[in-house]
Structures are given as C-alpha cells and as structure tokens.
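What follows is a pair of complexes built around subunit A, which joins subunit B in one and subunit C in the other.
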Partner chain A sequence: MSESKANHTFAFYLGCIAPNRYPGCESAAIKTCKKLGIDLVPLKGASCCPAPGAFGAIDLNVWYAMAARNLVLAEQMKMDIALLCNGCYKSIWEVNHKLKHNKDLRDGVNEVLKEIDMEYKGTCNVYHIAELLYNEKYVGVNKVRDSVVTPMTGARIAVHYGCHLTKPHKDREFEKSIMLNTEHPSWMEELVAAIGATPVEYRNKMQCCGAGGGVRGYDIVHSLDITNEKMINIMEAKADALTNICPFCQLQFDRGQIEIKEKFGISYDLPVLHFCELLGLAQGMSPQELGLDLHAISCEPFLQKVL
Partner chain B sequence: MARTKGYPEALEKKLKDQRFYREDSTPDFVNRIEKISRTMAHMCFQCGTCTGSCPSAPRSSYRIRKFMRRAVLGLENEALTDPDLWLCTTCYSCTDRCPRDIAPTDVIMAMRNIAFTHDIVPVNFLKTVQAIYKTGHGVPNNDVNRAAREKLGLTRDPPTTHMYPEYMPGIRKILDHYHMKENADRIVKEREG
Partner chain C sequence: MMVEKKKTTTKKTETKKQEAKKVAPVKQEVKKQAAAPAPAAQNAVAAPGATTQKDARIGVFICHCGTNIAGSMDIQAVQDYAKTIPHVAYVDNYKYMCSMPGQTLIQKAVKENNLTGVVVAACTPRLHEPTFRTATKDAGLNPFRFEMANIRDQNSWVHMHDREGSTEKAKDAVRIAVAKAALLQDLFPKSVPVEPAAMVVGAGVAGMQASLDLAAAGIKTYLIESDMSIGGRMSQLDKTFPTLDCSQCILTPKMVDVGRSEKIELMTWSEVENVEGYIGNFEVTIKKKARGVMTPKEAAAKGIVGGGCNGCGDCDAVCPVIKPNVFEVGMKPRKAIYINHPQVVPLIYTIDFNACVKCGLCVTACGPEKRAIDLNMQDEFIKVKVGTVILATGYDIFPIENKQEWGYKRYENVITSLEFERLICASGPTGGHLVRPSDGQTPMRVAFVLCAGSRDNTGIGKPYCSRFCCMYSLKHAHQIVEKIPGCVPYIFYMDIRSFGKMYEEFYYRIQNEGAKFIRGRVANILEDPKTKNLHVYADDTLLDRPVDMEVDLVVLAAAIEPKADTNRTRKLFGVSCSQDGWLLEAHPKLNPCGTTTAGVFLAGVCQGPKDIPDTVAQAEGAASAASIPIHMGEVELEPYFAQCIEEKCAGCGMCVNLCPYSALSLVEKNGRTVMQVTEAKCKGCGTCGGFCPGGAIWMQHFATPQIVAQIDAFLLGGEE
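== the complex of A and B ==
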C-alpha cells in the first residue's frame, strides 16, 4: 500500500490524556491519518481544552475563554482543528459553535483575550478524527478498507462511542445525518467492519463510561460502578476487545479495570484500544510502534488472535 | 364571547398567589440558572425522562428531575448543598431525550457554577484548575510517559504548553482575570489546612 499524497491538512489538537497518558494514541493518529491522506501538524502551545466537566462546572466563562485561546492558535495558523478525544471535542467544538452564534459570548471572550493580544474571529472549524475517517469528503469507509494490509479477521470488537462527540445531538452538525442517531448509531461499527473485524452489539451500548463531569475524581467508586455495568454488558457479548474514540474513556476502561479489580474484586482483562490504534494494527504497524505495551490491560491475547 | 388575548385580572391574581414561595426559596434562582445555562429550565413539566436516562440514578440518590424542580421552585440552598449535585457525568442522555427541549445537564452545570460562587465545590475540581495554572494541562506529563514517548519516536514533551512554556503567561492571565487560581488556592487551603 503506497502512501497517498496528503490532500487535507489539519492542526492536530492533542488535549491531555492522549499525549500524557496514552502517547500510542497520538502516534497512531498521526501515522494512520498520514496513510489516508490527512496531514496532522502540531497545534503549538495548545493547553488543556479545558476539561468540560471539571472546568465548566466551576465557571463556564473561564471555560469559554480558555477554549477560545486554543481556537485562536488554530486561527493564527489558518487551519481547521482535528482532535481525537470526545472531551476535547465538547470543549473545542462546542465553544467554537457557541461563540460563532452568540455575539454576547464572543464579545465577553474577546474582552479577556485582548489582555493577551488575541482575538477570536470564528474562522476555523473543528473535527473529530473519527468523523474525518467516516466522512467521504475526507476519507470514508471505502478508503479505510483499502488501506488495510492485516485484516483483523475473526476478532469480535465492541464499540464504545462515548458521549460528547454526538450528544447533545441538536447542536451537532455532522456531514451525514446517520452519525446523529444517538440512541443506536452504527457508523463506528461500519469502520470496525472495514478493517476486517466483526463488530458486536451489546446491551446499553450508548451508556456513559462513568468518568466524565468530574465524577471520576469526586467519587471513584460511583464512577467505576458505571464502568463495571458496561464491562458486564460487553463481556456478555463475548467481545475480544473494546474500541473507543476518546482517550478519557480509554483511561476509564483500561486503568479502570485494574481499579475495579482492586475495589470490587472482579477481573475482566479486556483489551481496550483507541480506534486509531486498531486501525494502525490493520495498516500493518507493530504493537510497539502503537504503544500498545503501555496499556494497563495487556493486549497480548487479542494480538495473538489477530496478527 | 370568550376572551382571546390576555388573562382576566382575577386569573392573573390567582396564578400569582399560587406561585410557590417559602422562606428559604430564592425566586430568581431559575432566572440565574437560565442566564448561565441558556436553556429554558422553567419549562420542565417533571415527566422524569431525565432521571430515567441517567447512568448515575440507579446507583445513587442523585435524581436530576429533583434538581429541575428545585430550580423551578427556587430552592437554592437545598440544591447547592446537596452532595449529589456533583454526581452528573455530563453524558447528555437526558438532554437528548427531554421532550420539552430543555438541557437538564446544562442546568446542573449552571447550579455548579452558582455553587462555586458560594465556595461549594469538591476539591478535585480545584486540583484541575491548579494543574492547568501550573502546566497548562489538567493531566500533566511525567517521566515514565516521557520515556514512553521517546520510544515511540515522539518528542519527550508534547508540542503543547509543555514544549512551549512561553504560552503559559497568557493562560495564567486568563485564569487570573477570573480570580480562579486565588479562589482555588484559598478553598483548597481551607479544606486541607
């Protein structure tokens, strides 16, 4: 498979968990996108999005201003933003949307940004990488399928969509209306099928991972109990691995399984992979190249099955 | 002939009398919530779809419908001092399903914002603020991760504020504009001594 010429370039907004806890997600995103004709250039000087639950809960105005600063950095590069985390999508996409449509909010934010010689103009758009992969305007399922060199044949993979990419759906503006079904979407399953794996359905697929809103920090047992319910449902469907499109959900499922073992005495040992990591494997990258050895739950049994 | 416009004065008076006020209620609570959240909280008719959709409800006493009622009735103290206020994972399932097109999640966020002005806030939220003030990241890098990044062919520090600390003064200025750091430091010190 020859690398196609890059015809889309995005400022790559990293967030916190991907670069600082799961660097494999970061490198997987850059490498897989490159093979699909998307160049991701670093958004220099970006900060935390900031966390929509933890930060928005304290003062929404600070949340608007801090997210706007990240948006201005992309505006200065004259580029659209691509990111790989649902939490970041909530902050960066939604603040961009709100500021574009509410003059009073924009004026308030610009008053603060003036102190650091910045101005939010509303000239950039924000995309999630999963959205780019599914949208034919950028990549599309067929192109994803064509890029596969090691099909994940026989692997049963459960999908966790996470919350903030698609919800609340009345605000979201995806290219395809199919992505806006928030009760029972199947576009991620299409992507999983495109890399040769078998997507599995499980009970209450759209339930939250339990980490958001600051709950993971506030009441870890409550948060893990939500994760545990999801784990029970996923195991019931006999999945070999769980894929997600949000490093924070990944943290909650991957490290969360260790915490569930400590607190509830139940072990699942289910490998948890970001979709970019999974796509990297299918495109023929080695597990080491994708940082899979950094996961808390060993991916070995899954790798033996698919490679 | 039936009147088509406006209420008769008597009905207007009756409705006014029936508005719920108690000694401990704050009538403008719902107005402040609506201003912050930009959603019509007062339109809630208590159907309970929100609580039925909530992943936190089955495992705690957190009932989002109850918080919606407290908003409408102006029960500010009761809402803000309830520790359940902080159990919303902001999954937005309730917002997606609300038949009145209200965003209960945003109502909770607005209540949390108002709670913060009364210094009611769990410490973990403030720790995030402190981390961002210090490094620009809510979850900062560490040495184990730096080594892992290097092995993957990435830079030891990501090309964010970690690699370009010259961006930090701007971030601190934004946070200082809202007195975030001083409030966070003060509250953490009071709690932890």
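== the complex of A and C ==
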C-alpha cells in the first residue's frame, strides 16, 4: 500500500503476550523499526488475534470472524498490518489469505461482521516484522547492518524460527519467494550475523518450542519436555543466548526454563531475546528501554559480554 | 528419385519436375469431377474462388460410435437437421463409420450422388482423419475434400447427461463442418527426398543401441556425445537389477561395437550447435570441443605418421593438476588430462582446459613419435546432413540437497544412490568397499530413503515417480547384505513399485535376505554430532507409530530430472516438453518414439523416467522409426503450407521474422520483393497468415474464406 514511499507505515498489531508479558518486545519493535524507516502505528481497538491453537482448533468460524474484525480495522486505516508474533501471523495472515481466496467464506464472515457494522473487503496485506527486516523491498540485511552502532561481536546466538511463520509452506507466499526453505532455513542467521553476532547451528533447530497448538495449556509437562530437548541441543552448541521472533516461543523458553527447573530440577539460565530486542541493543538502546529486566531469565551475563 | 534430383540444375526446375510427377496421376483421378479446380490453380493459390460455394454438394455421415455418441444424443434429429443445411446433398448415419461397411457407405454415396465433399461427424481427426481421407480418396475425390465434425470427445462424452444440449451442439458442429467442406480445395502432398544418414544425440545406452540398430540397417549414423566417452549413466552403475549382472560387463561389448562400427561416425566431446532444415534434410552443425588430444586419425591427417593418442596414460602420470572426478561423483581425484575410467570408448585422453595450467609436461611425456597433445587446440565446427534424428539425451540427478530435512551435503554420512553405486563398485574410488564418508568405517546399519524428491507435491521435489529407484534400492540392499556380513538395510518406502519382468520376485528375494522394510516417508534426519551417526525419523504407517532409527549411513534414492539444457535441445530440434519437463512424445501410447517435429525421434529417459530394459526397447523402436523415411527414400508432407499471393504481397518481411520454423524468406520476383515459402519447412501453423497486414498469405486447408465461413455458420446459425 505504501510501497512507493521511501518510508513505510504499517498498522502495528500487538497481540497478547508481547504487551502483557514482554512489553520490551513491543517497544523494541517500534523503536528499531523507526530507525529502519518503518513507522508502526497502533491498530486501535484490536482484539486477540485470536490464538490459532485455542480458537482455531475448537471453532474455526469464531477464529475467522475475530481475525477478520482485526483485519477490517486495518482496512479502515487504509494500512497493511505488521505484527511480531508467529501465532498472530498464523491467525491474521492465514485468515486474510483464506478470505481473499474463498468467496463463500468471505460472505459468511461478512454476515457476522454486519452485526457490528463492519465489512471485510480484502484490501490489506499482513506482514511479520522479521519478514520486513529481511525483505529488501522494505529493509533488508544490509540496511539492518548499517543501523548497528554496538555490534554484538563475539556473542554466540542460537536461532529459533517458530512454526507458523514458515509452515504450512504451500500457502506462505513470502516464504517461497524470499526465504526459500522451510526445512532448514538460514535467513534469520543472516540477520543475526548482520548485527555482528555469530549464529550457531544446533541439532534439530526446526523443532517446535513446545508451547504451540494448545500443548502448553493442555499438558504442561509434555510441553516442557519438548522445550527441554531443545534446550539440551542449544546448550550443546555453546550458545550465549537464544533469539526468536515470537513472544509465545519467548515465553516458553524464558518462563519455561523456570518451570523446567521446578519440575525437572535442571537449570540452563540461557537468556532468551526477541530479535527486535537484540536489534535494539545493537542499535544502541539501553536494556531498560527494551524491558530486558522483565525477563524471567536474567539477561545480565549476556549483556556484560556484548555491551 | 534422389539421384535424379541431384542432377537437376536449379531448385526451381527441380520442384516443378517433381510436382508434375506427383500431380499427374492425381489429375486423372479427379478429372471426372466437375467442381474440382484444375491442378494448375492449386499452385496459383491466389484464386480462392476456385471452388464456388454454389457448386458444392456435400455428403454428411453421422457416426453412432456404438453408444458412445448415439447414447447421449438424438442421431435422427441431427440427421434431419443436416438435410436442411445449404449444400448438403446427402445425409446418412451408421453404427461405426470407421468400419469397412461405414467407409463403403461413403464411397457409394459420393459416386451415386456426385458429391464434391465429405463431412463425417464422429470422433477426432487425431484418431480417424486418415481413415476417412482414404475413404474419400477411394471414392474418387481428392482426400483433402474431407472435413471432420467432432461430436464425441468434445460433445457426447462431456455432455453425457444432457441429451438435448448435446444434440443441439452436434447440429452446430455439423453445420460448421459443412460450411468449410463446401469451400475445400484439392490439395496435393509434396514429397521430399531423404538424406540417407541419421544422427543420434547422446551416447548412453539408448543412443548406443539406436546407433547400432541404424548401422545394422545399413544407415550411416552420426553419434554425438558431449562427454569424453560413450556409455552414459549405465557405465556408472555397478550391477543391474534384477539379474545382478555387472553393468559394465554387459555394456562394454556394446561400447566396443559402437567404436568399431564402420557405419557409425562417433563424435565424443561434441555438441549440437545448430539445426536447420526439416525431415529428410536436416543440416546439423556440430561443435567438436577442443579436446587437446588428437586421435590417431586426426594425427595422420596432420601428417604425423603413427602418431595420436593410444591411451597409454603417460600424460596422466605427469600432470600436476588434481581435480575431482565427475564420473566418480567427485569421490576420486583425476588429473587435468584424464579418462573417465579404464574402459572408455574411444580410448583417447581429454584435457580439461578449465583446469589445465599448460605446463607442457604431458606434451613431453607423450613424446616426439605420438605427438598427440595440442595445448592450443580450438573448437571445430562440422556440418553434416542427415535425414532423421534421434534424441537420447538422458537425465540429471535432482539436487537432493534442496530437500533440506534430509541433510544431504550437511551431514557427511548422507549419500545419494549414485554415490552408493560408485562406492560399492569394484572399480570405484574405494575398490568396492562401502564406507562411511566421515570416518571410512564399514556401516552396519544402512537406511535407504525411497521417493527422495520423487512423488513429492511440496513444490520442492518432483511430482512424478522416477520409476527405477525402488528396484535399484532393493538391489543395493542385496549388495550390502552380500558384501558386509551382519549389515542390515532399512528401506523406508511409500510403495515398492516392482512392476517389471521378474521384479516382484526380486522384491521377495530381498525380503527373505533380511532387509527391513518400513512403510513411511522420512520426515527428518538428524546427525549425532559426536558419532556422525544419523537418526532417521519417520512414521511407520503399518504399525502406526513414530520411528527414530539410528543408522550409520543414509542412502537417498534421489529423483531424476530432465537435463539442465533441455530447453536448448528443445529449441534446436523444435521439440515440445510435457508438464514435467521431459521431452514430449507424439502420442503417449501410440507414438511413444516420435515427436511433433517430423523426422525427430526420442529414445530413453529424455522422454520420461524408465529403466534399462525399457530404454533399450524404446531405442530400438526409435531406430526403426528413424530408419523408415531413410529406407523409403522420400517423405510425403501434409500440404498445409502457407502460400504467398504475390500480387498482394508488399514484401514488408514481417512474416519472415515471425515464422517459428524459418520457412519464409524474401525473394526478388519480376522486379519486386515478395515472400517465398519453403514448403517442406512450413508446418502450417498460420502465424504468418494471421499477421500479414495485406492479407497476402493463403493458408492451404485453413484459408481465411474457409475459416470465416465456419465462423459465420456458427454465428448466423446457417443463414446466408
């Protein structure tokens, strides 16, 4: 929509976990994007995305209608949506995609939306911030590198991609054209390298964090078991920190480490940072500004190493 | 005929002579027929009014095709309607028009009713146009006075449950066909002489077999191979299934035969650069890539008596440059001057000029007698004339690293089947000892991943079945059980496709030998960083449980794909490809060796995945098909040529550039520049005719008045 302008403006969809549990993610996204020529304008009146596992798995029609309402808010602002969470991406991007391509579904959703005087038209697009950062059309790796004032030199950082941004890959258009591969991608490693850190490969890197699909809510022990397996693999690679692009994954890895300690008696103490937070540090922002003090696992050892 | 032709002085007189010969007998045949234009008018096609519509008397014959057509429409209603169409002088129907009684019906009706044209409403021209043309000819008419209305494939079959609708559609189809039939002209196929030589592109087992067959039939054959030796993929294999005979052992006799045959001119390290001409008269430019080494023949031609390469290998011994051997899939070194393997044909060394540092050590080693090496050798271009061409260009291996979940090129102990073939082969880089690339240890647990990139609808792999991976993986399983006592093969499969002769029996044999079969597609492979062992994750769909199997080595049965330069080949020879990228045969069932370009045939995997027996069978079929025009001496071309109406032609030349077959040229005639058609090259596609701003191009059998009449007949519902 605003592609022709030098600066891009997006309606910023916050989601639930970022503003409630990791406000640092929210402020990091807004501040880092600003430095890269992207204005994030709050999407006022937005509701829950709604969570794909909690809603989509139980009643698809509710899922469609609620996500469509969020989309209509952006349509009314005449803006595309940018968001910072894989779960939100699954709901809002995928519902948008489905409604655009399925007239019957669109008509059904519009019938519901009519009750609140809304109509879904299909005029807006949805992007993940990580996608905007990597895509040269908006930012690109080079521009990210140029924005760095405090390179994360010497930091060994493991990358967690999360599931919903790249899968199912048959639908994901950006993934096909730009990211190329869902089974063993490396574009986030490129971003990590751009801020001066060393991306580390680890065993089974595309494994789920353990939280998604309602598993965390339904069976916490099983969910932590998966997280624990990931943690073992990441620790084997001698990472200083883990970065992600999804606050729900962040919650699972960050708070999950406390839970693992309680339930299994194993402690890892590995700092977990959303990529926007990491980028904020590299762009010279203070840890307080980025809300890093609100993380369950202390980021201090990592900060001492890189700052 | 051919000899006679060579004597004639100019091309013009030559064509005229030939035409006179061809036309004369036909002339007598059509004499009786009042409405037929004089054959002279056929050449001066500028006279589209040669047949006036008023004279036309058309017979319409409606076919029931059993119940194929009659079951879905009212034949009687179509017949009653046809009687009311202008120019229709006779209407009849029959259960099977293609049967002998059906054809006799046409002949009788034409003679008794003095018809000038025939319309058969039945199946498709693809299927029975030749049948009904012959019937029309036997009735005393020019065969091109026949028009077909397709009321089956495009009507009764698709509107099976709409009797009324299909009846109306059939009426339309008949009316449209009659409109064209009333304007059809007599046409006379042209004959062109055929150069008594053939060319085969690609010297794998398909190309070799085709060449040997052509040579046996007495035909001079040029065999073009881009690699330094013939043999292709088959020479890289260790053993063949299900007989387990050594691939090289059964292939080398054929290679030697090819090398020895006097009728085969073998050109290795060569590529087709350009192709001009048409069936019977292809003029092919071949690039002989600079090999750097002369054959004894080439040396003799340069006056070096007793010189040229004798394959002694002295040069190889002194060459200081080391490169990965492509023939060994990069698992063995070779020098910059090399042969692929000891049994190469021809046994002539080749210099890899991308690697050669031109130190000259090889020249010294070769010595003053042989003087085989020329470090300044340049590419050479050779022109040959051939009548027919067989494409046997083979295949590439799908880059299986694109399926990243299996970790090929990321994990050392994940290899492809072709690498396995070389590792298990006694002449391979390890002398036939299967080892793990990471540590050289003998693997005791080996996983085989079938359908690796085949039958893959993710958009990354190939949707088709590569057809021989099941069988060679079974063979691999047998080989490791045989060679390594205690080694267990685990075969992860979707289905085992063992469809050939003695193949299913082979499958049972391998089961009994102790191979473990797990039905499930491999989801993911992970490496244990310490041991470099691999964990294979899959879903065992028979036991309905997930599998995590630790193995020492994984062999991916990678899919095959069309050669990277397939598009270039297609453009050179005017051949199409199917949706999956393989070269397209003329008909998938009834003409699997031919292509849509007359005189160009296909053999082997370039047409689609197939194993060695099928490849050889197709090669023999292609050789037979390619030899027919050569033995006939001349070929008849369908007379759907474009013709230039010279009075209207402004000589702008736009059509010349548009023609996809390079059939048009500008010539000076009576002081004017006009377009001229090389009829043998013209495919009658109509691109020029549709474009010509002056309406100066007449497309025979698809002329503007004929097509306009069809459109009118459709739009106006038959009203004048």
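We adopt the following convention: the second predicted complex is superposed on the first by the 297 of 307 C-alpha atoms of A that agree within 3 Å, B and C clash if a C-alpha of one lies under 4 Å from a C-alpha of the other, contacts with A are read in each partner's own complex, and residues count from 1 in each chain.
Note that contacts are C-beta pairs under 8 Å (C-beta built on N, C-alpha and C of every residue); 3 or more make two chains touch, one makes a residue touch a chain.
Nothing here was measured: the structure is a model prediction, and the numbers come from that model.
A.B. asks: Determine, under the contact definition given at the top, whether A:His222 touches first (subunit B), second (subunit C), both, or neither.
C.D. replies: A:His222 contacts subunit B only, not subunit C.
A.B. asks: Output check: A:Thr153 vs subunit B and subunit C. Expected answer is one of first, second, both, neither. What do you get?
C.D. replies: It touches nothing on subunit B or subunit C.
A.B. asks: If you stack the two complexes on chain A, which partner ends up touching A:Ser298: first (subunit B), second (subunit C), both, or neither?
C.D. replies: It touches nothing on subunit B or subunit C.
A.B. asks: Identify the partner contact of A:His169: answer first if only subunit B is touched, second if only subunit C is, both if each is, neither if none is.
C.D. replies: both
A.B. asks: What's your read, subunit B or subunit C touching more residues of subunit A?
C.D. replies: Greater contact footprint in residues on subunit A: B.
A.B. asks: Just to be sure I follow: which residues of subunit A are touched by subunit B in one complex and then by subunit C in the other one?
C.D. replies: The answer is residues 169-170, 183, 206 of subunit A.
A.B. asks: Which subunit A residues qualify as touching subunit B in the complex?
C.D. replies: 14, 16-17, 19-21, 23-24, 26-27, 42-48, 50-62, 65-66, 69, 102, 112-113, 115-116, 118, 163-164, 167-170, 182-183, 206-208, 210-215, 217-219, 222-223, 225-226, 229, 288-289, 291, 294
A.B. asks: Would you tell me which residues of subunit A are touching subunit C in their complex?
C.D. replies: Touch residues, subunit A against subunit C: 169-170, 176, 181, 183-184, 203-204, 206, 236.
A.B. asks: Please give the residue numbers of subunit C that touch subunit A in the complex, ascending.
C.D. replies: Residue list for subunit C touching subunit A: 402-405, 407, 410, 458-459, 524, 526-527, 529.
A.B. asks: Flag every residue of subunit B that touches subunit A in the complex, lowest number first.
C.D. replies: 36, 38, 55-56, 59-60, 86-93, 95-96, 101, 103, 105, 109-110, 112-113, 116, 121-122, 124-129, 132, 136-142, 145, 148-149, 151-154, 158-164, 166-167, 169-171, 173-175, 177-178, 180
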